[in-house]
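Heads up, the next two complexes both have chain A, just with different partners, chain B and then chain C.
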Partner chain A sequence: MKKYFQIIKGTWAEYMVYRLSFVLWRVRIVMQLLVTYFLWWAIFSQHETLFGYTQSMMLTYILLSAVVRPFVMGTRTQEVGMMINDGSLSNYLTRPINLFRLFWSRDIADKSLNIIFAIGEIAILILLLKPSIILQANITVLLFTFLALVIGVVLFFYFSMLLSLLGFWTSEIWGPRFLSFILVEFFGGMLFPLDILPESLFRVSTLLPFSYFIYFPLKVYLGQLSVISMISGLGVGLVWALGLKLLTELLWRRGLMVYSSEGK
Partner chain B sequence: MKTVRKYFILWGKLTANSFLSILASRFGASIFLLGKTLRFLFFFVFLLTIFTKISFIATYSVAQAVFFFLTFNLIDTTTQLFFREVYRFRQLVVTGDFDLVLTKPMNPLFRALVGGADPLDLLMLIPYIGLLIYLSLQLGGIQFWSVTLYLILILNGFLIAAGFHILVLALAVVTTEIDHTIMIYRDLTSMGRVPIDIYREPLRGILTFIIPIGIMMTFPAKAFLGLLSPTSMLLAFIVGLVFFILSVRIWRFALTQYSSASS
Partner chain C sequence: MKAYLKIYKMLLKINFSSLVMYRSNFINSTLSSMAWAVFNFVGIIILTSRVSTVFGWKREELIVLTASFTILTGIFHMLFSKNFERIPKLANSGDLDRILLYPIDSQFSVSFWEIHYSHLIRIPVGIGILFYLFGLLKISITWQQIIMFMFFLVVGLIIQYCIWFLATTITVRLTRLSNIPEVLYSVTGIARYPRELFRQLTDYVFIFLLPLTLIIVTPVKVLFNQLTLSEIFLFFGVAISFLYISRKFWKYSLRYYTSASS
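On to the complex of A and B.
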């Protein structure tokens, strides 16, 4: 356990070495948030309610997505693909360390640092922009939101790891990751709540695991789902998470059989 | 004239190499192409979804909003087609390989800015241009002056885009940071996917005069639709020219700060 805590500390230290890069990364995140925020602010300038959302509900969704995103999707697992491709994975295979736990630790470091900054940035933006936002006080809803976030974190970890493990069979790891980003951006609900989409597209989105990254936790937070919908949503998310975990572990074992430590 | 010819031949050779290098991995290229297509289609769906509930954004109809979005894609994609090398510049700086560029009888800015065009963006341009022609016919026909002004303002948009990319390169020379700055530029310009008139003040003013995204992305389409005053056009050219000259000067200053890391 101690060694994994050291990994967390090491990852934090890494970020502090490349301070300008980290600052610009945070600027970028704020910029992405503002782009979406101002777009919705403009759309709501002539309307009280759209797609069943009031302006405050929509702006709460957009602002909170900036906190949920680094919590769920903050990851370092993309490095695994590069490690496989350049052969540096061998350095880790010979050490008394579990690669999955190593990357869980790195992800915890990444998520914690980004969330601290995200909360600070959101607080400043709320003070500056003074949007009317929804503060959820219902303990049950908050508990379900937390569970939805945990499932989102697990789901995204294995999803991202799965993309990296493709590196065992191909050196073209960035193409699938780019494609996945486009799909997650749309079907994950990063730009808007998915239920504003036409019925057929919304149905497609609910069949995919991406909606559990951003949309589902925020939909739960806004209190728009019944208890049964929340429980069934958590159940489906859990099945997706377990399924992806099993698939990732299977690919990891199969991948190690074909791993040739190319480049080393 | 001889210098122009030399750089034109150089650009041809660098572009041919870049095309060969990217198309060598057909699987990766196909996936990236699919991703770019989906990104376009997804925002298009989002735009149409918005218009199922509201008839107008600001004063723009759905066809006009789509025309603005296509113009954004035309400028954004052409910019990426020509300036893709900027995304690879960091590697040159952090490894010290930029020294090799500086010692060659070639303008280093030319090599860093346009030294590696992207064939995937060239392919993406075909449907965008086709859709733009189709939509402009729907919007009341193609007239000589509207098309001329549209094209001139698009060229002005490229000039501003070149200025932004030069600023990113200059920052990379001084700080070795580029990956996030170029993406900040992309995020900022993405505000031009819709006409900037829809944003409220003071954001609209900022996007026109301070960070000239509006001049770059919105003005050409407005000119085509006959919604841009002569004063605004004059202002657009002045801003474009001043912004470009300023960015080249900043690049020249940045070169004096180059420390040849790792070499």
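On to the complex of A and C.
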């Protein structure tokens, strides 16, 4: 356990070395957030409610998505694909360390640092823009939101790891990752809640695991789901997480059989 | 000039050969590029499905804005963005030495070396949607407007090139800022939204973002006959000054280039 804590500390230190890069990264995120925020703000300036959402519900969704995103999708697992391709994975295989735990530790470091900044940024934006946002006080809803977030984190970890493990069979891992990033961006609910999509597209999105990254936790937080819907949502999410975990572990074992690192 | 055209022709050929060599990578990239373009359209169509105007822009005008952005982004990513991704790596690894030793202009070498044909797909997607929309809405546009639109799009491309070049040139001195291209990918995405959206930000931020907001909005205004003389002056003024400043800044930054381990 101690060694994994050292990895977390090491990852934080790494970010501190590249402070300016990290700040620039955050600037990028704030810019994206502001564009989406003002777009929705303008759309709602003409209507009281749209797509079943009030302005405060939508702005809460957009602002909180900036916090949920680094919590669920902050990851370093994309490095695994590169490690497989350039052979540096061998360095880790010979060490008394579990690669999955190593990357869980790195992800914790990444998530924690990004969340601290995200909360700070959102607080400043709320002070400056003074939007009417929804503060959820229902303990049950908050508990379900927390559980939905945890499932989202687990799901995204294995999903991203799965994409990286494709590196065992192909050196061209950028394409599938970029394609999946586009799908996640759209069907994850980053730009808007998924239930504003046309019925057929919304149905498709609920069949995919991506909705558990942003949409489902925020939908739970907004209190728009019944207890039954929350429980069944968590159940399906859990099945997805378990399925992806088993598939990732299977691919890892199979991948190691075909892995070669020439010249390493 | 003739020599540079000859070199560029050669670069086009070399890059095409690498496309043929890594076919599956090309197919992957093309698919991703197309998906990006399609989802951009779906996104804006959904966002504007229940409103008639956003920041004074009609729904169809916003979709035309997205189509024009798709065309420009397709050209830009095909010709330039991979080169800009390369600049921080070149500066960080010291490989810029080699480029500086070539008997050709260093700005040309760092900006035009790699061509990514996979982004080409966005251009017909954008043009197709543009023509489909004009047909659907029964908007008549003249050949003169189309030529003007294309010309303004090229000027917009120059502004975008200069912004990326200016920003990535910073990495010649500050080599640790290696993620500048990633930030630029997101920041230039704001060009597809109406300028009025950014008026909601403080004046300082708006002025800072102004060049970006001109890139697409100005050519699109040509199509809708909404362009004023002051906007034309502003557009060309920004293009010429950014071209001059980015060139000077590159030359200036090279003076501080220390290479790696030397």
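Keep this in mind: the second predicted complex is superposed on the first by the 262 of 264 C-alpha atoms of A that agree within 3 Å, B and C clash if a C-alpha of one lies under 4 Å from a C-alpha of the other, contacts with A are read in each partner's own complex, and residues count from 1 in each chain.
Note that in this section contacts are C-beta pairs under 8 Å (C-beta built on N, C-alpha and C of every residue); 3 or more make two chains touch, one makes a residue touch a chain.
Predicted model only: the values in this text are computed from it and were never measured.
Student: Between chain B and chain C, positioned on chain A by superposition, is the outcome a clash or a fit?
Tutor: clash
Student: Regarding the shared-chain residue A:Leu20, is it in contact with chain B (first), chain C (second), both, or neither?
Tutor: A:Leu20 sits against chain B and chain C alike.
Student: Classify the contacts of A:Ile182 with the two partner chains as first (chain B alone), second (chain C alone), both, or neither.
Tutor: both
Student: Would you sort A:Leu242 into first (chain B), second (chain C), both or neither based on which partner it touches?
Tutor: Neither partner.
Student: In the superposed arrangement, does A:Leu39 touch chain B (first), chain C (second), both or neither?
Tutor: Both partners, chain B and chain C.
Student: Go through chain A and flag every residue that touches chain B in one model and chain C in the other.
Tutor: 20-21, 24-25, 27-28, 31-32, 35, 38-39, 41-43, 46-47, 50-51, 170, 172, 174-176, 178-179, 182-183, 185-186, 191-192, 196-198
Student: Given the complex with chain A, which residues does chain B contribute to the contact?
Tutor: Listed in rising order, the residues are 25, 27-32, 34-35, 38-39, 42, 45-46, 49-50, 52-54, 57-58, 175, 177, 179-181, 183-184, 187-188, 190-191, 194, 198-200, 203.
Student: Quick one: in the complex, what on chain A touches chain B?
Tutor: Touching chain B from chain A are residues 20-21, 24-25, 27-28, 31-32, 35, 38-39, 41-43, 45-47, 50-51, 170, 172, 174-176, 178-179, 181-183, 185-186, 191-192, 196-198, 201.
Student: List the residues on chain C that touch chain A in their complex, please.
Tutor: Contacts found on chain C: 22, 24-25, 27-29, 31-32, 35-36, 39, 42-43, 46-48, 50-55, 174, 176-180, 182-183, 186-187, 189-190, 193, 197-198, 200-201.
Student: Across the complex, what residues on chain A touch chain C?
Tutor: Chain A residues touching chain C: 17-18, 20-21, 24-25, 27-28, 31-32, 34-35, 38-39, 41-43, 46-47, 50-51, 170, 172, 174-176, 178-179, 182-183, 185-186, 191-192, 196-198.
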